[in-house]
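Take a look at the structure set out below.
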């Protein structure tokens, strides 16, 4: 079983509160308020309707607690663990109005984050047996980067950089504007601090050869055929982290991993993961 | 050609600015700042690598303008129109650093919103010939509801309610807590204003029969077999808007539409649309 | 006795906190801090100095709780009920400094919202016996719309739309720009979703006649003489909600209601209600 | 003619933007967007339907400019000047959609602030000929204090303190908790800086006598009969600013001013001013 | 021992939360999360490594409580009291991860505020025996004015105005633009309310003479030689508060105070105070 | 001459606007507004009264532009360059009120950031001739980290990590809680991504020896005597970046640098830099 360090609520509670406000709007939950009497309590379960990897259960729990601070929430399947189809992920007991009014927001967060975690897990399983890991990109939902990167970790993936400012990734456009790989890397060396790693995108083995002489920490092998990837891994020979990227799908992941690269970069983890189907069952 | 009313920038500019800050972090774009000289200018095109329906091009444009207020952006394919594979959606000319630093955020918004629009369009096309429309749900990304609902309109879909407060949708949980359809509808009638429409979820034709006596504006026919949908439409006979929901896919949409329902509710439009593949090409 | 669904604190707590910050400024309550010793406790009552309808008592309570989270607040007259002149609306017991420092903000919210509720109640009583209801408009205080619309409900009034986005109201300017009532209504029909109601402002019985052929949900009968209102109601004959608007005062409300219209639109409920005189009595 | 120093937009632009967002909600102006074509321009005038004192015209102008940054706004009657009944306060020319969508927010700010200014002016005129001024209180609308105090200045009124932190006002509750006037004033003297003025509320001439020995900057003569006010002014003899407060109305203001007090405190200026009736006329 | 009125958490909690978010970034505390097991608890002490005056201990405590709401914090040396070198200022017991992750932010606030308080105390001691007080200026850290002014009070200093809006200070530039001291003071008299004090900067005894005829509340004697200060105090003779400013250091403070001025203005209190060296000791 | 990449205004403009609001408060600049006529223009220069390194000149410029968007600002000494004593750093020409009202905030930012840059430069010069660089820490002012780290770069210093999330720094408390250096490093290796560097604090040469076997990217040599630093450098022999920390002052910096370490960590750069004395001269 996987152990994932949870995020502090400080890091997402404004998101949860904002999402609830976005849904409640100016008038609140017209339907629930009209129908459900004030003091009525309810017990409900958040259920996974598909098997999947859980991520974001505390985020979902917070949605209920914001509307009913006295609600009792019990997490049945924690982040980084697998929920069975039909399995209960969390139970909540509190004011019936709050439970119903928070339902959609709780599920929107949970379904989305479980979706990311589950797709990540699927990729991770596809390359099990290799030494490679699947990593996410900066192709995340605006505003949700920390949560989505967290969901990737919940799904046994690893995180690439979190933003433009915590690591260097020199891409083809940078190389073009610098007038070559060498000046690009050298300018970076001059500019960045000692705690910053540098990765260089290379498209060909020739570029890779030059890169290796420059001592970068990692190389992004972009859109290379499998054979080139294999040769690239051999050329690098452990001198840099090797990361394959470009159109990697569940169909091709195992073959890419078998080339010996350290990492498979998969933007789809965060930009195209379908939600996990989760629902709330009252009573 | 489709004409979609654009949103005011006031409605999304904090999102764009927030997304740029999320990406730039505390130190800015280490790579670009190290490599690209200060005064250098660049011209770039945002290109659709797949055919698709455009949504959010002004949102993407704003990302460039926030980092370079003097950047010139030219929209080549406006929202609600189709971009060819390889086609240019927008051109930008401005400070090279700004173009590269804003690239990912511009693409993250555009790819996601085009993804929603394109999936919506696919559903809309699947039911072309019927009188039905495809509608979205409240299963949207936290913080992005207005934009995603807008993207649905760009994709020839229609919007269901925007939140808990602009219309009533009485679901099974509400009916259960109210002790029946009639008390649920009556409590709503007593509580809500004259500008609020009321929809009722029904699971069976018996419930539908009761619903029709109560004069609701719309009925959500949840998870009904095609045959029941057809009979439901006949029973309703124009007295309410009919909306089919529950597991509607591209495979089943046409058949559902053929039952004569007015609307097909598809949560996947916003919760599971893969991004449209868009990229930035410099020079 | 009237039962009003309370708002979630999530929907107003930033307002309360912001108002306290606006009053405390950068240095806090100079007077109280200088005079009242740190540990001293106080018991105080918020008293209505005039008879009136209560609204916002939980908002006022929150002002005390923000400054003293351990303060005990007891609501004596809940929202939607009537306070006698001299009657205690809420009691608070807590740190003396917090009670005094929060006093003005608690009273500012309470007095204003009770003012709206009380004026609404006065209108509601003026038309008692008729089937009509009094409704508010979008002429609300910037930032306080949700609270003021809530106060209208507390005063036995009903809410018109909450914003530009939850219902359609076609006014004279729209008609003029569209080139007529028919194109205006038709464009709206094409554009808006199935959960959105449409109201049309008409100034004459001729316009009303055209409106009725277009099947709108409601008609706003603007500035019509009583005789025209009566004829309008007869013409509509239940096919649309009828709403009278334009200069309705307490003097004229009963006569307007007697014409048989469903609703009386009164902007003054939110834009010109005098506060209810409430005060804090310590000890 | 009166000259009032305008506020910097920095001090209210978030309010204007927030109010527009509150009105536009998640979907924008459904009516206008459906009816008015995209490129259409409009010319409109904001008209005072009643004679009154103008305040907030730049705030209203900003509402239009936020939705159409290229809109041309021409102020016809500036803040602190009088608008005739039927007179044009500002003209705007810009995108028709923006003009209509911003209309209500522009008018909500303008009507409210003109309402405060006009009521203040009415009080100011009622006491013309005396040396007294009318001053406002902290009984302002939550979030709008700076604007409402500004509107008081536009109406020839003066401002009392802006919050709990910019001046000291020792009220009866403070005196009671301190165990007397003297200890209250002495504690304040010890605590506050040299740039802070001190005012003391007194209810009787006996209290006033004690107050005068303590050297406060101002005395608030609360709910005193006219005769006592006269005697109080004589007792003070210029040693402190004298401020009458408590239930002062337009009927009583002149008589209060005639007692020789320096200031009349009128909470109603900000808490109960009816709006000035302003409207937008297109074309 | 000194007694300082604490600030309400409402006045700084967004600062603390913001500072924690600034430090935790998008991924949280990588080091601590990797190393310290989830349930592990820790006990730690915040220790002053230098003798100094304490300010901000509740602000520091809040940093721990935000990350672990159940953390128990015990304040050992309250604000306004002196901590010995090596002395414990506060103890905290809670989740080990939270204690380590909040450490730096707690110390950043505490060290900075204690630094301000300690420098203020040093100045206050330097002039002990005189009747003068040391006061701070508006030369504060952007965003931290309320806290830094509070720290000055903790260090036995007094506060000058908190902003441009709570008192008047007429400086040389104002006098120049007004065309003289008299018109400057007269324009101010006309414009500001009765609760606002007026101070005038004078550079020469001639200017002072004019100032005294104008009846200002305080005079800022800027950059005057000691002899002039002495003569200025004699000229003022109690008719205004006298404040010396301009390059006052610990070396000159006593001599300045000995001239008989009421106040010494020292910008360095907030703009150049070195931090007090505080650290966290675990276990 | 030094070339420093400027920050995007997006990264600090809320700080500038917030600081202006903090200073203007609820009533604005009472003094300036009373004295300076509305249309009056002014020309002013921001002058360094001491020689120093410039940082933040665009931040200061923005303060003027926020209050007068049409103000013309001319930067005379850009960030990363040296200003002579008495030299003009920027010139501004615009509305006189705006220039005076923004003065203090412009100077507060500029003085503080130049102070950081100048102190950094002083350290950098102290170790000139060695290959070492001076680096800052996370001991920054809450809310100003990005700006202060930027100022360090302007002063020829380098940045250590920007937060807890962009690099790993294993300190003594972590080692203690992990039960040794090896488990601490191993847990980190398991947990963090490939783009994250790892630094380990060591207090003794024995710990260093162990650290080197673990392959960390950098070692923090904490509070080591010079002789130990020299031996540490020899032991490391280029296998890791070496960083000396602990009580490094201007007196000791050169000797520390002479030991051959790569970096000198100096918290004082951001936590105790005195401001550079800058002022505004009008006319």
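Residue numbering begins at 1 within each chain, and the chains themselves are lettered A, B, C, D, E and F in the order written.
In this section, contacts are C-beta pairs under 8 Å (C-beta built on N, C-alpha and C of every residue); 3 or more make two chains touch, one makes a residue touch a chain.
As the structure is a computational prediction, the values presented were derived from the model and not from experiment.
Engineer: Would you mind checking the shortest number of contact hops between chain B and chain E?
Structural biologist: The fewest touching-chain steps linking chain B to chain E number 1.
Engineer: Counting one step for each move to a touching chain, how far apart are chain D and chain F?
Structural biologist: Step count on the best path from chain D to chain F: 1.
Engineer: When contacts are scored as defined above, which chain pair ends up with more C-beta pairs, C-E or C-D?
Structural biologist: Taking the two pairs in turn, the one with more contacts turns out to be C-D.
Engineer: Same interface as B-F shows up in which of C-F, B-E or D-F, over half of contact pairs matched?
Structural biologist: It is D-F that reproduces the contact pattern of B-F.
Engineer: Would the interface of chain D with chain E count as same or different, where same needs over half of all numbers used to appear in both copies?
Structural biologist: same
Engineer: So the centre of each chain is just the mean of its C-alpha atoms; given that, what is the distance between chain A and chain C in Å?
Structural biologist: Whole-Å distance between the two chain centres: 44.
Engineer: Centre to centre, by mean C-alpha position, how many angstrom separate chain A and chain F?
Structural biologist: Distance between chain centres, rounded to whole Å: 32 Å.
Engineer: Centroid from C-alpha atoms only, then distance chain A to chain D, rounded to Å. What do you get?
Structural biologist: Chain centres of chain A and chain D, defined by C-alpha means, are spaced 52 Å apart.
Engineer: Could you give the separation in Å between the centres of chain A and chain B, each centre being the mean of its C-alpha atoms?
Structural biologist: Comparing mean C-alpha positions, chain B is 22 Å from chain A.
Engineer: Name the residues of chain F that each touch 2 or more other chains.
Structural biologist: Answer for chain F, listing residues that touch two or more other chains: 5, 22, 24-28, 33-34, 101, 145, 159, 162-163, 165-167, 191, 196.
Engineer: Think of each chain as a node with edges to the chains it touches; is that a line, ring, star, complete or other?
Structural biologist: Drawn as a graph, the chains make a fully connected set, so complete.
Engineer: For chain E, which residues are in contact with chain A within the complex?
Structural biologist: Touching chain A from chain E are residues 17, 20-21, 24-28, 33-34, 38, 66-67, 98, 101.
Engineer: So in the complex, which bits of chain E are touching chain F?
Structural biologist: 15-16, 18-19, 22-36, 40, 42, 96, 100-101, 104-105, 107-109, 111-112, 115, 138-145, 162-171, 173-174, 176-178, 183-184, 187-188, 190-192, 196, 268, 271-272, 274-275, 280, 282-283
Engineer: Touching chain E in the complex: which residues of chain A?
Structural biologist: It is residues 3, 5-8, 10-11, 145-146, 149, 159, 162-163, 166 of chain A that touch chain E.
Engineer: If you look only at chain C, which of its residues touch chain F in the complex?
Structural biologist: 22, 25-26
Engineer: Over in the complex, which chain A residues touch chain F? Could you list them?
Structural biologist: Where chain A meets chain F, its residues are 5, 135, 158-162, 165-167, 191, 193-197, 199, 217-218, 241, 243, 262-263.
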